[in-house]
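Okay, got some structures for you below.
Below are two complexes that have chain A in common, paired first with chain B and then with chain C.
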Partner chain A sequence: MLVMKNINKIFQTADIQTHALRDFCLQVNEGDFVSVTGPSGSGKTTFLNIAGLLETYSNGEFLLDGEDVGKLNDNGRSRMRNQKIGFIFQGFNLIPDLNLYDNVDVPLRYRGFNGKERKRRIEENLERVGLASRMKHLPSQLSGGQQQRVAIARALATDPRFLLADEPTGNLDSEMAQSVMSLLEDINQQGTTIIMVTHDAQLAQRAKRTIQVKDGRVSELAIVTPHLNQAIA
Partner chain B sequence: MLETGLILRALARNKVGALLIALQIALTMTIMVNAIFMIQDRQQQMQRDSGLDEANTFYLTNTVFAQDYNIQAHLQTDLHTIRNTPGVIDAVQINAIPLSSSGWSMALQHESGEDKDAIGSAIYMVDEHAINSMGLELIAGSNFSQADIELRKDGQSTWPAKTIITKAFAENLYPDDWQSAIGKTVYISQTQPMQIIGVIKALQAPWNGWDGVERSMLVPFQRESKGSYYFIRTEAGRRDELMPIIEKVLAESDKQRIIRRVTTVEDTRLRSYRQHNATNKILSTVIITLTLITGFGIVGLAIFSINRRTKQIGTRRALGATKGQIMRYFMMENFIISAFGNMIGCLGAVALNMWLVHTFSLSPISFELIAFGVVTLFIVGQLAVLYPARKAAMIAPATATRTM
Partner chain C sequence: MFSYYLRLAWISILRHWGLSLLMVCAIGLGIGAAMTTVTVNYLMSADPIPEKSQQLYYVQLDSWDVNDPFDDGLNPPDQLTFTDSSNLMRAKKAFRQNVQAQAFGVIEPNDPEMLPLIVNGRANSADFFPMFNVPFIYGSGWSNESDESKEFVVVLSKETNDKLFGGENSVGKAIKLEGNMFRVVGVIDTWQPKPRFYDISTGAFNDSEDIFVPFHLIADEKISRSGNTNCWKPSGDGFKAFLASECIWTQFWVELKTEQDKADYQQFLNAYVQEQKQFGRFQRPLDNRLSNVMQWLESQEVVADDAQMMMAMSFMFLIVCLLNTVGLLLAKFLGKAPEIGLRQALGASKSTLFSQYIIESACIGILGGVLGLILAYLGLKGVEGLYGDYMKGLASLDANMAIFAVLLALISTILAGLYPTWRACNIQPAQQLKNQ
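And then the complex of A and B:
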């Protein structure tokens, strides 16, 4: 489903060359729940950005659903993000001027669904995260945990092949974090593949697989599920 | 897919900036449309036909300072000299110059007597050479004959028995059929009869701002006055060459008078409409300045809005928006703001025009002009937002994961 082989990402400034990812290899299969941990500056956000097609890589091979990402132009990457990837951000990234309904509607409009289909998907996914009754509320009227649930509903609404979560509980207290984590586990149980970047070792352990990134490489694999050997060294 | 609904709802929750720009667009629209209307009105006034052969005519003043001066004899000598100068088509003594801002007027009425309705007209006292000298076009009736010409002394209150009037004046006097004016008797100074013997196509009065500027009449008088104008028409292209020659010939032929103010009719027109031209330039400057300020305002608001929403734009990109969709978002947002501003602007433009019509008796504004204003401001808005929108489209999707 997601295969990265020898991915390198080099940031070049006038004087300095920074190697954010070095020969990074990873395979994620359908139904996986992979947590990615590592110290600050280890390259895990760079990995997430490349995995989510938010930025390009310097060299290597990256296949997503069998499609060579390196051959896509900007519009192609936008289309693939919209169709195959759902994002959950640490800061929720909801649009403050739009209510919950409209926030979930944003990626659906980019997908080109008609009004009836969009309505069905919005209501279904807000229901799924337990916020159907508040769809006319603005994000500012919700708690952090609820806002993250809306972001999850927005990510799920397009039926993505996998979810990319960037510190999804980073801005939440422990109770809300547990609640959001449980929701992600439920979503994974229902078949959605999840890749989650987190600092929180305890939450990382709840994933089926945990990988650690250090100095831009996958440095260690922690056994949580039998998927261990599917990471490509 | 267009995000019109989402944009509208987002604008409704964040309306101060957008409202201010919409009001600025409305104000620009109101002023722009009415200013263009006023410019057009003035341009139409300036383009009106004076009736004269302006390119080939000029005039000069003849001021006698000598005592015991035989005005009549010298007048005939002067006219004979001018008319016989090679290159001159004809010349005439006249009491006033069209568009010069200074002249005579009287009123004509259908019936003799006081308290009868009368219509005002400019009066040009001329001989039978006037039509040829001024380049006028006689479109009905006949010209004066030499026998019709009377001498007029300063202060004389009686009038000749014949007149030639402009078509516009004939239409005012006989609205049903201007050609029926020929042969009709009208009354000047309330009781003195005057027969209309001819109609000329056009001859403007000396005052360009007068609503009866197209109403003029020729009366067959030669004035026995110490101050008068000679109006001269030359062959095509010879006016400038002949002006100093005639001035010199007249000045040297008689030292008991002064020849002054040798002026072309074209210069007179320019002077007459100097105020119009200046006002049009000021109005044009106002229009351009206001439009630029509005354009810059739109650029400023859009850049501010984009800077404020950098992460939001990155998030939209992450959620699958293409660069084109981001550009369209901001262009559509501006289109909606412009539409609102234009709507208010249309109402403002019509309201201001109604006031102008009521106060200055202008004609009502045309629908085409309002449509022009609307289209112009939409184009200005879209052009102004183009650069900020492109800037927004260049925001990287990875911005969504950055801590800002």
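And then the complex of A and C:
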């Protein structure tokens, strides 16, 4: 479970203070699929970076699986990122020098799995995204959609509790985007909590919950579970 | 994880081969220059007889002019008069003692077809051979009895034996040297101490001699002496007057087993000089010295000042090369900022990333070290070509120097890599991931 209470994030430059998040409160339960929408500069990405422990917050309280994130040092934060969080980025962020196998291998190395276990997980997850036959290819030899699938395989390889996706379909055409979205829904069905930042209202509607961020605050909270909508109709 | 980091380093080096090559070249040039001068200095200052350099002492007595001190009074004369070395030999107060001087002569080969052979020689005492651990192929040095009975005996170098006897065992055979027949008692194996510590008065890095004969032959005028001679007052007419003069041209070594032996011998030297003062000699204040091999080489500045200056300059050049490497590493690592940010997102801590990138620096350092070794080898060949025989044998890399070169490159590059690596590890991941 992810709980944020009155989180503030202030970016300080010599002359200006910018409040990226103001008293930001959110609770994400296990198994949720939360889409985060909002205009540019509203604080969506800052929220996602703080949720992913990639950025610190100025004040407030942030509990991840019951652990107070504010009390963790660099090693503790790295460990938690590796064990509990998977990332999917708009730009895929694959390492261009490494083939697909080695790209998926990166978080497993930091986890300290032995060679046999790493091999099993890499093959299993590349199979899951339909790219097992191309594991020796370099990212540059794949289409955008395929690269995003590799990024998903990499994010899933460590069995994370949370999957944080920042505009995962932003660089994909609509067909590819639908395909990736379906894959995320499958992953969520299997129990992984997903928090997805998106501009695409249609894709946002496919999440179980949608929240809107405006001026660094959660301005609206809605449950738009598609199945529930269908039932009401 | 170490093998994983090595693999990543190798991939990164190949991927950015241009930048990597520049760094390897910068380190290689710096190491090459440093190792060339370090090797020359190392070989110049090496202990030529480590097993007993602490037991061999060179003897100096201040027999010089009371009004005009030798070496501005900083050091007593670097050689002894014939009178003093003969007296010290007769006293036999040391475990072993050797008086010596450089000599030369002409050998008339038995084979009438062969041309006469001009040879560099050394006139020395019987103790020379066991004292300096001279290795023999055949026979041995002559005995003290041979010295006392003034026998015409000779020890040949391997090269001379090869020329005269085709490399066969020539012990017991005779050679004609300066018109006299000499009996060969031994043949020395290849022996070239670097520096040639036992006589640095005629060049610390000259070749060892072709033949060795008893010292008394010089006094008996059976062989010609050579080498340096210094006089502070006229030597008089004739060779006998020269032998009795205050001219210095002999070198005297003693072997003393213990510190007590050394103290006793020092006392003996002082007593000897006091005694000589009664004959009007040694008018200067008492300054008799016993220097072990390394002390002697140091006092005679066997490692030239300009060689040390060159070494200092080459290390400065290495620093310049390393500063360039710092810049190149910084460019390379900061160019990898997106990857570093990603690795942090995937669970790499700062310490993990630090290990990864410092290992990459070390790999570049090792490659630079290998290139530096090749350049040092070429540099030493150049030095040898430039200085000829003077640098012969000094311009060669041994295993110690090769290991030192790679270690120097490794440590230098790790030091050069510390700042770029630190900068790389402090990259903010969120910023980098957003920029991709």
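Note that in this section the second predicted complex is superposed on the first by the 224 of 233 C-alpha atoms of A that agree within 3 Å, B and C clash if a C-alpha of one lies under 4 Å from a C-alpha of the other, contacts with A are read in each partner's own complex, and residues count from 1 in each chain.
To be clear about the criterion, a contact is a pair of C-beta atoms (placed from the backbone, for glycine too) under 8 Å apart; a residue touches a chain by one contact, two chains touch by 3 or more.
Since the structure is predicted, the reported quantities are computational estimates derived from the model, not experimental observations.
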Fit or clash between chain C and chain B when superposed on chain A: clash
Which superposed partner A:Phe89 touches (first chain B, second chain C, both, neither): both
Partner chain in contact with A:His19 - chain B first, chain C second, else both or neither: neither
Chain B versus chain C as contact partner of A:Arg109, first or second or both or neither: both
First (chain B), second (chain C), both or neither touched by A:Arg79: both
First (chain B), second (chain C), both or neither touched by A:Asp97: both
Chain B versus chain C as contact partner of A:Glu55, first or second or both or neither: both
Chain C region in steric overlap with chain B, selected from 254-262, 272-280 or 398-406: 398-406
Interface residues of chain A shared between complexes with chain B and chain C: 45, 49, 52, 54-55, 74-75, 78-79, 81-83, 87, 89, 91, 93, 95, 97-98, 106-107, 109-111, 154, 158, 166
Contact footprint of chain C on chain A as seen in their complex: 45, 49, 52, 54-55, 74-75, 78-79, 81-83, 87, 89, 91, 93, 95, 97-98, 106-107, 109-111, 154, 158, 166
Complex contacts: residues of chain B adjacent to chain A: 1, 3, 5-6, 9-10, 13-14, 311-312, 315-325, 396-398, 400-401, 403
Chain B partner contacts - residues on chain A that touch it in the complex: 45, 48-49, 52-55, 74-75, 78-79, 81-83, 87, 89-91, 93, 95, 97-99, 102, 105-107, 109-112, 138, 154, 158, 166
Contacting residues of chain C [partner chain A, same complex]: 1, 4, 11-12, 15, 338-339, 342-352, 428-430, 433-434, 436
